[in-house]
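Take a look at these structures.
You will see chain A twice below: alongside chain B first, and alongside chain C after that.
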Partner chain A sequence: MSPSLSQGIPLASQVINLCAAIMLLIGFAMLAQRRVLTLINLFMLQGFVLFVSTLIVALTTKQNHLLWSAGLTLLLKVIALPYILHRLIRRLSVKWDIETLLNIPTTMLIGIALVIISFNVAQPISQISGTITRATIGIALACVLLAFLMMITRSKAVPQVIAFLAMENGLFFAATSATYGMPMVVELGIALDVLVGMVILGVFFFQIREQFDSLDIRHMERIKEE
Partner chain B sequence: MNFYAFFAQLVALAVALVMAPILNGWVNQCRAWLQNRSAPPLLQTYYTLSKLFHKDVLLAHNASSLFRSAPYIIFSCMALASAIVPSLSTNLIYSPAADAIALVGLFALARVFIALAGMDVGTSFGSLGSRREMLIGFLAEPALLMVFFTASLISRSTSLSTIVETLAHREFVIYPSLAFAGVAFSMVSLAENARVPIDNPTTHLELTMVHEAMILEYSGRHLALIEWAACLKLFAYSCIGLALFFPFGIPEAADPVSLAIAGAILMLKLAVGGFLLALVETISAKMRIFRAPEFLGTAFLLAVLAMLVHLLLEAGQ
Partner chain C sequence: MTEFLLIDWVLFSALAWLSIGLVGVAFPRNFTLISRILFPLGAVVALVLALLALSGLLAGPQVRILPLGLPDLPFHLRLDALSAFFLLLLGATAAGISIYAAGYIRKGEGTAPGLQCLLYHVFLASMAFVMLADDGYAFMVAWESMALSSFFLVTSEHRHAEIRRAGYLYLLVAHIGAVGILLSFGVMAGSTGDYTFDAMRDFFHEGIWPTVAFLLALFGFGAKAGLLPLHVWLPEAHPAAPSPVSAMMSGVMLKTAIYGLLRVSFDLLHAQLWWWGILLLVLGLATALFGVIFATVQTDMKRLLAYSSIENIGLIFVGFGLTLVFKSFLLPNLAALALTATLYHCLNHAFFKSLLFLSTGSVLHATHERNLGKLGGLIHRMPWVAWLALVGVLASAGLPPLNGFISEWLLLQSFLFTSGLPHGYLNMLLPVFAAAVALIAALAGFAMVKFFGIVFLGQPREENLAHARDAGRLERIGLLWLAAGCVLLGVFPNVVIALLDPVTRLLVGSGLRAAASSHGWWLLAPISEDRASYSPAIFLGTIALLMPLVYWAVNRYYHGRLKRVPAWDCGFPLQTSRMQDTAEGFGQPIRRIFSPFLRRTREHPSPFDAKPRYRSIVEDPFWYWLYLPIARIVEHGTRLIAFLQQGRIAIYLLYSFVTLLTLLVLTRG
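The block that comes next holds the complex of A and B.
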C-alpha cells in the first residue's frame, strides 16, 4: 500500500484548495448556464467562496489587511453587486431570459484546454512563490481565462457584464494566492472601480435597449457614422 | 488466509445476488413515498422475478442463438462485476485478477450483448433502443474511466482493493478531486442504470424508451435474468460509488465477524444511497435524448477536471 502524497498538508491549506476547486467548478457552471437569473446566483456563490478562502488565508497567515479585503468581498460581491444585478434584470424585464448558446460541449472542451494551459503557465510561478496558497495560482488563472471565454461566447449584454465581474473575482483570487493580496489602496481602488463600472454599465443597458429594442450587442456591430 | 479470502468472495457474491432485487425494491418504495403513491412491498422485485421464472419463454421465429444466450451472458457479466467490487472486504480472491479497467470492460461486454440482442429479432423498437444505448454508452464510458483514473492516481494503483485500502485507512485529508469525481460518477451511474434524467425505468411509452425498448421481445426466464442483471448493475454501481467515495467501514480482514459488521454498514449506506437516488429521480425530469450528450459531456468534463485538480493541487506538494 503506497502512502498518499497529500499527507502533511495543513488543514487550512486543504480548505483553501477545496475553495479553489469550487471556484473553478462555478466558473465552468457559469460558462454553461443559459438563464440570466441562475448566472447571477452563481456569481454570488463564487463571491462567497472567494470570501471564505480570503478569510481563511487572512486568519492562518495573520495578515490583517486581508481581513479587510475579505469584508470588502463579502459586502461588494456577495451583497451589493448581486443586488444591483437582480434589480437591473427586473427593471429591464430580462429576468427569465434564456440565451441560445452555441454548442455547450465544444465550449466546455475549449474550457478544459484553457485550464490545462493555465496550469502549465502557472507551474513556474507557483514554484517561486512562497505562500501557503501557491498551488491555487493555476486555478485562479484558469478562472480568469474561463471568464474571458464566457465574455467572447455571449452575445447579450447582462451575461457579458457578469463575465467581466467574474474575471475580477479570478484576478482577486490570483492576487491573494500569489502574494497575499495587493496593497490596501489598490484593492480599495479596484473595488470602487468595479462598483462604479457596474453602475455605468447599468445605465448603458438602458441606453442600448432604447436604441435597439434588445440587449443583444451584436446590433452594435452595425452602427455607422452618419 | 486464502480460505478466508475465498469465503469472503462467496459471501460477497451471495450478498450481491440477494441484495440487488431488494435494493431495487427499496428505491421503488422510496420513490412511491416521495411521489405520494402507495408503495409496492420491498420484495416486489422478487415476486416479479419468480413470476417470470415460472412463465414459458416465447421466442420470435427468426430469433438466433445469440438472442437466447444473451441473457445468460449479461447476467454472468453483472454477477462477476458485483463480485469484483470490494463491498464487504478488500481481501477478495478475485481482486488481483481484475482491476477497475477490467470492470469497465465487463460492463461494456454486457452492453454489447444486450444491444446485439435488441437488434437480433429485427423489430424497429429494438434497434432504436440499441442505438440509443450505444450512444449513451460511448459517452458514459470515458467519463467512468476518468473517474477511475483519478482514484487510481491518488492511490497509485488501478486495483480496486488497493484504492479502497488507501482511501479508507488514511488520516483525514480533503481531496477536492474526489469531490469532482464523485459528482461525475453519480451522473454516469444515473445514465448507465437507465435512471430518470436519461431514461425512465417505469415508462410504458415506446418512443421514449432506451433500456426497455431493447428487451421488449424477451419473456419468461430470459426476461427475469435480464431484470435481475439490471438490479445487479445498480447494486454494483452503488457499491463502486460507496467504495470510492465513502469507503469507511470496509475492513481489510475477511473473518466472519468483520464481514458481518461490514455487511451491516453496507446495508445502512445502501439504504441512504437508494433514498437519495429516489430523491434525484423524483425532483428531476427526463431529458430529451439529444440533451443526453450534454449531460454526459458535463460528467466527462468534471472527471477530467478532477484529474487536473489532483495533478495541480494534490500531487505537486
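The block that comes next holds the complex of A and C.
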C-alpha cells in the first residue's frame, strides 16, 4: 500500500480540490436558483460532494473518525434532510419560484467579491495549516459566506432554511480541510443540532403559514416592539 | 463550635424571625395563628434582640464566620458597639411595630397575611444581618434582601396602578444605590481582591481612592436614606405601604443607610478629609430644608410624614457632617458630641416617626381616608390614638421634655463649638448653618401642628368620620410602647449618652460618659456646666405643676365667664365644619414664602360655577429639574438604538454578516 500511497497523495489532493471546486460551483448555483425543488436537489448534491471529499480525506490520512463523519454526512445530508425537505414542500405545496430581495446578477457579483475576500482572508490560515487539504480552506470559507448571502437575499422561509443547512455544509468542509475535522463529540452534537433544528423549523413553517397564509417572512416585519 | 458568644444569640434571634416568617407562610389560611401568635412572637424576639444589643454595646467586638454562601466565600459576621447600637434601635422599634402589626393586619387587604408575615420577618432579619455583616458579600446579600422584601411589602396592594408605580420607583432607586455601594466596596478592597471588612481596614488607600470610595458610598447610602436629590422614592413609597411597613421603613430602614455610611467613613476608611464633612453638611441641610418645606404643604397625612422623614434624615446628616469636620481637624471631644447628637437623633426619629406612622395607620383603618382635607375632630372618636400621637408630634416638633428636643439641642450645642475650628471660612459659614438648623426645627414644629391639628382637632369634615373607632388593644400596646420610648429617651438623656459612649469611642476615639455622669442623672451638661446644661427632670416637674394650674385658670377665668348665646353669630349665621382652616389653608403662608422652591399648579373655579371646585397640586421640582431630563435623554438614546430593530430578518442577518466580514478582514490585517 505504501508505494501507492506516495503516488496517491497528489491524486487524492487533486480529487479533493476538484470536490472543493464543485462545492463552490454548487454554492453559486444555489445562489442563482429560483426554484425550491431544484434548490433541494442542489443541496443534496452538495452534501454528496462533501461526503466524497470527507471519505477521500479519511482514506488517505487514515483518520478513522473522519469515516464516521463521512457516514454521518451521507446519512443526514444526502438522505435524511433532503427527504424531510421534499416531504415538507409537498405538504406545504411551495414548489413555486422564489422571489429574491436582490436581483440575481447583482447577487452573483456580490458572491464573486465574497470569494475574493475569503481567499484573501484564508491565506494565512492555509500557510500555518499542515493538512493535505489546506488549499481548500478559502473555498470552504467562500461556501459559508455564499450560503449566508443566500440566507439574506431570500424572502421565503424554506429557501432560508436550505441556505442555513448549506452554511453548515460549508462549515463542516472548512473543519475537515483545516484540521481534519472537529472532535467526534462536537460533530455528533452539530449533526443532532441540525436535525433537531430542522424539525423545529418544520413546525414553525406550519405555524407561520397558519398565521399569515403565506411563508413569506416579510409578513413578520410587524412583529416588533413599537 | 467553641464557646457560645453574644453574637450567636443575636444570630439566633435573626434566625428566629426567619423561622416565624416561614411558619406564617406554611399556614397561610390560619389567620388567628398569624395575627395572634406569630406577630407577637416576633415582637418578643425583637425585645430579646434589643436586650442582647444592649449588652453587646458594652462587650468587645465579636466575630463569627458562617460556612454559608458560595464556596470559598463564607459570611463574616461581627458584632461591635456600632452594630450593637443599631441593632438596639432595630429591636426596640420593631418590638412596638410588630405588636401593633399583630392588631393591624386584616384578611383580604392587600397581600395575603401569611405571605405578609413572611415578607415582614424577612425584612426584619435582613436588617439585622446588614448590621452584623463583616464582609462586602454578606453585606450586599443582606442589603438586597432587605430592599426586595421591603419592595414586596410596599406593593402589598399591587392592584392599584399608582402603588405599582411607587414600588417600581423605589426598587429602581434602591438598585442604583446598591450599585454605588458595591463599587465603593470594590474600591476599598483595592488590589487585594479580599472583600472582608478586615482586609479593607488594613488596606492603605492612596491618592484620590478614599475620596472615590466615600463619594460612591455616599451616593449608594444616600439613595437609601433619601438624601437630596435621591429622595424621590420616599414620598411615593411611604404612603403606598401598609402603615407598619411605612413605620419600619422610615424608622429603621433609613437608619441602615446611616449605619452603612458611618461604617464606611469611620471604620473602613482611615483618614477623613474635612470637605467630606462640609459636603454632608450642605447636602443634609438642603435635604432637611427641602423636606420640611414640602412637609408643610402636603395634604396627604402619610406623605407629610414621609417628607418629615426626609427632613429628619437631613438633620442626621448635618450631625454626621459636623462629626467628620471635627474628626478631620483632630478635635475628638467635639466629634464625640456631634456623633452623639447624630446617633441620638437616629434613635429618637425611629421612635417618634414609627409612632406617627402607626397612628396614621389606625386613622386609615378607622376612616379609610388619607387626605387631610377629609379628616378632623378625631380626638373625640379615637382618644387613645390621638393622645399617643400627640406625644409623637411633640417629640417630632422638638419640644422638651420629649426626646426630639435632646438630640436637636445637642446638635445645636455642637454647632456652638465650631468657632474653635482652625479654618477661617468655616468659622464664618458654620453659624449660618446653625441658623438654618434652627429654622428647620421651627418649620418642623409648624408641620407637626398642621398634622395633629387637622387630623385630630376641630370638627369632623366628613359625616362618615362619626363612625370612626379607636385602635384595638394590640395596636394600643404598640403605640404605648413607642410613646413610652419617646418619653423615657427624653427624660433620661444621661443614661442614653452613657450607652452611646462605646460607639463614639470606637468611631472617633472619645466619649461623653464622664461629662454625662458627672452631674447625676438629672442634669445634662455635655461639655461643661457653665457652657450649657439641661435638666429634663426640672422641666418635666415644672410642666407637671403648671399644666393643672393653667387648666384650672383657663376654666375658671375664660370658660367660666363664657356664655353660649346665638346672637348675631359674628356675621356667620351658618357655621359648618367646612369653614375650618384646611390643610391647604394652614400651609398657605409657608407656600407663599417658599414659592420659588415649589412647583405648583392651580385650578380656580369660575365665579359662575354652580359647583365650584378648587384644586392645587404641589409637585416636587426635582422631577422637572433632574429626573425627567434624564428620562428624556435615556428615551432619546434608546430610540436611536431602536432604529437597528427593523423587524426584517434579512436586515438582522445582514448585521451578523457584516460583523463577520469585518472581523475576518480585521484579523487578516
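Going forward, the second predicted complex is superposed on the first by the 208 of 226 C-alpha atoms of A that agree within 3 Å, B and C clash if a C-alpha of one lies under 4 Å from a C-alpha of the other, contacts with A are read in each partner's own complex, and residues count from 1 in each chain.
The rule we apply is simple: a residue touches a chain if its C-beta (ideal position, glycine included) is under 8 Å from a C-beta of that chain, and two chains touch if they have at least 3 such contacts.
It should be emphasised that the depicted structure is a prediction, and the values quoted were computed from it without experimental measurement.
When the two complexes are overlaid on their common chain A, residue A:117 makes contact with chain C while staying clear of chain B.
Among chain B and chain C, the chain that touches a larger number of residues in chain A is B.
By the touch criterion stated above, A:32 is placed in contact with chain B alone, chain C being left untouched. Once the two complexes are overlaid on the shared chain, A:105 sits against chain B while remaining clear of chain C. Of the two partner chains, chain C is the only one that A:152 touches; chain B does not reach it. In the complex of the two chains, the chain B residues touching chain A come out as 154-157, 162, 165-166, 169-171, 173-177, 179-180, 293-294, 297-298, 301-302, 304-305, 308-309, 311-317. Contact residues on chain A toward chain B in their complex (touch as defined above): 1-2, 4-9, 11, 14-15, 17-18, 20-22, 24-25, 28, 32, 104-105, 108-109, 111-112, 115-116, 119, 126, 135-136, 138-139. Every residue of chain A that touches chain C in the complex is listed here, in rising order: 101, 117-118, 120-121, 123-124, 141, 145, 148-149, 151-153, 155, 160, 217-218, 220-225. Chain contact summary for the complex, chain C toward chain A: residues 642, 645-650, 653-654, 657, 660-661, 664-665, 667-668.
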